[in-house]
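Take a look at the structure below.
Labels A, B, C and D are assigned to the chains in the order they are written; within every chain, residues are numbered from 1.
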Amino acid sequence: MVQSIPEASPAKWHLAHTAWFFETFVLSPHLPGYRPIDPKYRTLFNSYYNAIGGQPARDTRGAMSRPSLEVVHEYRAHVDFAMEKLLARDISPELNALLELGLNHEQQHQELIVTDAKHALWSNALRPAFEPSAHSVAATTIRPLSWIPFEGGVYQIGHAGEGFAFDNEAPRHNVYVQPFELASRLVTNGEYLEFIQDGGYARPELWLSDGWDHSRTAQWQAPLYWEQRDGEWWYFTASGMRAIDLAEPVCHVSLYEADAFARWTDLTSHSNARLPRESEWEIAAATAPIVGNFLEQEAFHPAASPEEAGLQQLFGDCWEWTHSAYSAYPGYRPVGGALGEYNAKFMCNQLVLRGGSCATPQSHIRATYRNFFPAHTRWQFSGIRLARDAQ
Amino acid sequence: MVQSIPEASPAKWHLAHTAWFFETFVLSPHLPGYRPIDPKYRTLFNSYYNAIGGQPARDTRGAMSRPSLEVVHEYRAHVDFAMEKLLARDISPELNALLELGLNHEQQHQELIVTDAKHALWSNALRPAFEPSAHSVAATTIRPLSWIPFEGGVYQIGHAGEGFAFDNEAPRHNVYVQPFELASRLVTNGEYLEFIQDGGYARPELWLSDGWDHSRTAQWQAPLYWEQRDGEWWYFTASGMRAIDLAEPVCHVSLYEADAFARWTDLTSHSNARLPRESEWEIAAATAPIVGNFLEQEAFHPAASPEEAGLQQLFGDCWEWTHSAYSAYPGYRPVGGALGEYNAKFMCNQLVLRGGSCATPQSHIRATYRNFFPAHTRWQFSGIRLARDAQ
Amino acid sequence: MVQSIPEASPAKWHLAHTAWFFETFVLSPHLPGYRPIDPKYRTLFNSYYNAIGGQPARDTRGAMSRPSLEVVHEYRAHVDFAMEKLLARDISPELNALLELGLNHEQQHQELIVTDAKHALWSNALRPAFEPSAHSVAATTIRPLSWIPFEGGVYQIGHAGEGFAFDNEAPRHNVYVQPFELASRLVTNGEYLEFIQDGGYARPELWLSDGWDHSRTAQWQAPLYWEQRDGEWWYFTASGMRAIDLAEPVCHVSLYEADAFARWTDLTSHSNARLPRESEWEIAAATAPIVGNFLEQEAFHPAASPEEAGLQQLFGDCWEWTHSAYSAYPGYRPVGGALGEYNAKFMCNQLVLRGGSCATPQSHIRATYRNFFPAHTRWQFSGIRLARDAQ
Amino acid sequence: MVQSIPEASPAKWHLAHTAWFFETFVLSPHLPGYRPIDPKYRTLFNSYYNAIGGQPARDTRGAMSRPSLEVVHEYRAHVDFAMEKLLARDISPELNALLELGLNHEQQHQELIVTDAKHALWSNALRPAFEPSAHSVAATTIRPLSWIPFEGGVYQIGHAGEGFAFDNEAPRHNVYVQPFELASRLVTNGEYLEFIQDGGYARPELWLSDGWDHSRTAQWQAPLYWEQRDGEWWYFTASGMRAIDLAEPVCHVSLYEADAFARWTDLTSHSNARLPRESEWEIAAATAPIVGNFLEQEAFHPAASPEEAGLQQLFGDCWEWTHSAYSAYPGYRPVGGALGEYNAKFMCNQLVLRGGSCATPQSHIRATYRNFFPAHTRWQFSGIRLARDAQ
């Protein structure tokens, strides 16, 4: 029931809100005779849909001692039962699309339960483990980062055709992309530690102006969940506090830190390193298999890159910050009604992340998937892949 | 586990902190061989004693999902068991004083569990009842307010002699008091409603400057827990939302509102009404029996004044705001060591309240008892007794 | 000397800072024997260049009573005198580029003096006029808005070749643009008033999520400088308070308001209206003559659109919000050293505006020029041009 | 025109506001046919009198570029001229009291011009001198602090009889005071430096709880205006930055620092030192001559204590913090109407200071004078006199 920061929610709330989604958008309009278990829930578990009506302030979800977890489970059973009734009927293609949206919405909240619970447990001075037996296999060696080149020209990105996608992934459209290169794997803790040790958090010339201000105010010295003990760096994981593994990808960094790291890499190694654009990432990922370290592995922690050539870790492990602002694709039209608020109203002051993380369900992710968060966000499993212009 | 405002704490925290108090101040220094159940608790459940060491930020107590309630109960059992061992030994007078302090400390947190739980439940959009069967007997009639006169001169106030008292009640000392009168009972909801209806919340001339600013910012329109529904005023009680009872004392008002109400009464009725000084209150209460509507009644709600002559409601029902700043009595010396922080370091920007409330254990209160809160505080059961200079 | 909001600066500061720019980046490194008039100015008049060293907090510029205006004029004379000495020497192409940058920097601050002074005067309860005789010719009629179509395909945008441009306008590069249409003129006060009267500021479904929150908190009801008096809308202009002119372009709106207006237009007229992308704007403006209502007109106020066919008001009048996040062009490299901070470190959480305003010097603007501000900014002369996908 | 903190005001505002006081409270109601020079000034230069109407937000006074200083001088001349007309008439005792209040009000603002200008100049990175030739005579030796005893009993404090006093000094009334001792002089910079060097700013056990929080947040390390340069302490004075003089009284400390210093002295020297109560101070000062280092000396800086026996520095040099909350004397009634807001509405969360400072006009101060400020205030010339219970 803990809400340790306003942007995270208690697990109980996630359970209720995902049932609310089906009740509000599927059952109430489409199942004749459906009766809500409690009409007050329409407001109580609304997240941000103004077209549905009011909603409790986001940062008060931790105070929701009632309904109890037991009652929330009854609520879910009530909704599940009604859903089964609905599914026994003929389902129109429009309704089917709604059902798919509801299922994908629920998968998003499955991921949030992991990220939010991690933050809630870490907020506790005892640093209790989330899943004591969770672990990722430690790498003994790690392949040096190499650059994978891509040609420039007109490409198509975005979703079209079969299969579910959110409205913000459409329409598929042409983009002109200059030749570029993508790093073969994610940036590791070891590489990021060099940035820290080189004074990365104390050198304003490496940072975006907003990032520098934010970092100073928040007194950042390392990624979220890192703590220094007797000169050594530890981090909080699903299995509690552990010494950092240098081979694993760095995780829980903001866009500001990712961008400062890229600038530091560029200055230090004359590599022209920068963060990728979302079009570049999607072009590279378009034909890649969707395999990786996902929620299903139950490691709840990113793993070191495989010792293989070619692009690694595109999916799973860490969401990859791009330097692309989250905005509408050309020709984009939000779906009508309240569900138009799902994605469209956030198209300002957020950056796109790609590829999913170790907390993302495998069936939820795809090459065209656009996640988005404000630049200072760190509680998601967010990491860094470098890019550069073709040399 | 809810913490709906920073100044309120989850019940689980209260349970652990009161055990911590005995462990830290009684068992660790005085029971040879005592071993804490978990050394981290020394920091984890410290409220504000800097001499003991660090402490989690006050507003994060709601995030303390671990230790679980079950483990906290084990902690209490562990401490209780050790306390029984200690009590089987010879108790020095000094140790006895510490034990008394620990018991009185626990009583204070018993009261806070009631006030904090009330706020937490009210913060829930469902407004669940705390104790559905709790109730106070509704009054059919209410005796008009009369003024009880007291002579001026040198009096003694403060604690001396037998019986427990906090250090801030001592030493007993002379004060010179001008002749004054005290209202025979607390201000009622009905009287306060007239203030509201006469524009009390919109007339700056009635308010202290700080109070006006605070009231504007917080958009106060009525006491805490009051809500207007279809033109009628309701309030949140232990048994849920109820229409206000005009005969009951007004409760959950800040010093600012109490002071504005007194000024309004003065201007409206040329009564010279004002809030009492703490010395005046204590002089009036010095010989009064400690009877009233306390925690033990389990009404968790103030009751209308008895239909009797003389000073009513001095104890129980509502803490009574005085306009006396909480400060050291002449000759006051805080106890040494960490326990000196118990009361002394709050002697700035707080006002004294007297008499206990419907959430106070009866054996906890006395005429010399000094409670204190900042002027904007409303979540305590705080009400208004008027005073005036002798006419 | 007034600083009415942190993002605006006193005119005296602008005078000193632009001299500082020449002293710091041109004279100190390039004029042998140059001696600063006061070495403390290097810090005092630094705006945000961390590579140069410290700087006073931005919001304290209004407290800079010393040096006096007279001493600042002496400072400027000292710098001017040294600049003349420098200009009498051989100027390398690199130094020449620096000089051009300094001149363009000074033009930016000329514009800011106008915008900041307007805000400072409006902050005064007397609403004094800035230039009582300033005026724009009132339009009697206004041509209805029409849509100018552009074909899709690969275009080139960005600066290349002769003539000055800031580093953020380069390199010139290919973009793929879908067919689109641009509104023939800016949105007028009359059209915007319909949005207000249709409840535009009270309908969350029209707003970006951040915009809605910001608008609520800031209690926006109309553009900056608008005030309602006896039911009529007035605004503050260079010549004081005036009744709004319905034919003039709406000005001093944020990106949030511009975007909400576009969405309202779309919903109301099924026009598919939206804000333009910066590439679309630049393609349309690439061959347009740079004529319009600029600083030189000394109207300090946008004028109604000419009664002519074709694209009007592309330059001057109001900066035009685009929905493009301010970011690096492909292949962009900031200039090295401290001047790399000029533009690069702001490439996050800002939106691009195009075309200049009635406060921009005519010689300062061009089709590739990229201005940028956070989405909530209103004190600049910022207006709205609509766009839409080809129908 | 600088307003470097919200509680300080530009000198121009002080000039206008004091004229406004005479216009609003004296001329408009009492001089038949008086016409304000500009009716808008009634609102524009109102400080906080809600009964007079609205007022600009306090923290915007620095933005008041209009009316110009010249126009403000015209305003003052206009008011002066009318005042002379009024003074040529018969003056009722009531009107005479108003005139006295206006003159005393103006003296208060004379002091504020000094304190506010000092802060404004210090806020400038150049640290310009206010009066370069101002100085106080440096002491070569300083008499050790001794304790002056006073007997306990019933005393009278407060104003009665002839001569001007503010309403908050009345009525004269009995108080019972325990025997006490007062330090013979103010605490010196040298003594305060020992507190700093003993870790005074880093030891929470010395501080009030509010004071510790405030000090941490504001990152206090020394009194306001102190700066450490190469290991030596300097402070900002009317004649610019100077090395601190160890014999001078410490100045520009908050109540929090004064209280922490007293507690440190008590713990270090077992002296039972504390801050005085205002009644104690007044009893000691009741018969003392009103001589000292005042505004008229034009030192604008406190001077070292004379080498004489007995109570020194009671008047002038530094306002002396008491630990008495500013509250109504028994029997106090604020004057009616708007002027009732002068003093009464601030009787919460402020502490009383006594004795005047080097910025106070000599004729303005007296033994019964009660100044008051919030506990964190430092920009006034506020210092420390210790007291203790009789030993």
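Keep in mind that, in the parts below, contacts are C-beta pairs under 8 Å (C-beta built on N, C-alpha and C of every residue); 3 or more make two chains touch, one makes a residue touch a chain.
Since the structure is predicted, the reported quantities are computational estimates derived from the model, not experimental observations.
Student: Give the chains in contact with both chain A and chain C, ordered by label.
Tutor: The shared contacts of chain A and chain C amount to nothing, since no chain touches both.
Student: List the centre-to-centre spacing of chain B and chain D in whole Å, with centres computed as mean CA coordinates.
Tutor: That pair's centroid distance is 35 Å.
Student: Which integer distance in Å separates the CA centroid of chain B from that of chain C?
Tutor: Here the centre of chain C sits 56 Å away from the centre of chain B.
Student: I'd like the Å distance between the centres of chain A and chain B, where a centre is the mean of that chain's Cα atoms.
Tutor: Each chain's C-alpha centroid was found; their separation is 46 Å.
Student: Would you please name all pairs of chains that touch?
Tutor: According to the stated criterion, the contacting chain pairs are A-B, A-C, B-D, C-D.
Student: Under the stated contact criterion, what part of chain B meets chain A in this complex?
Tutor: Going through chain B, the ones touching chain A are 1-4, 40, 43-44, 56, 60, 62-67, 120-121, 123-126, 128.
Student: Show which residues of chain D lie in contact with chain B when the two form their complex.
Tutor: Contacts found on chain D: 48, 50-51, 154, 173-178, 204-205, 207-212, 255-256, 259, 274, 277, 323-325, 327-328, 330-331, 340-341, 345-349, 351, 375, 389.
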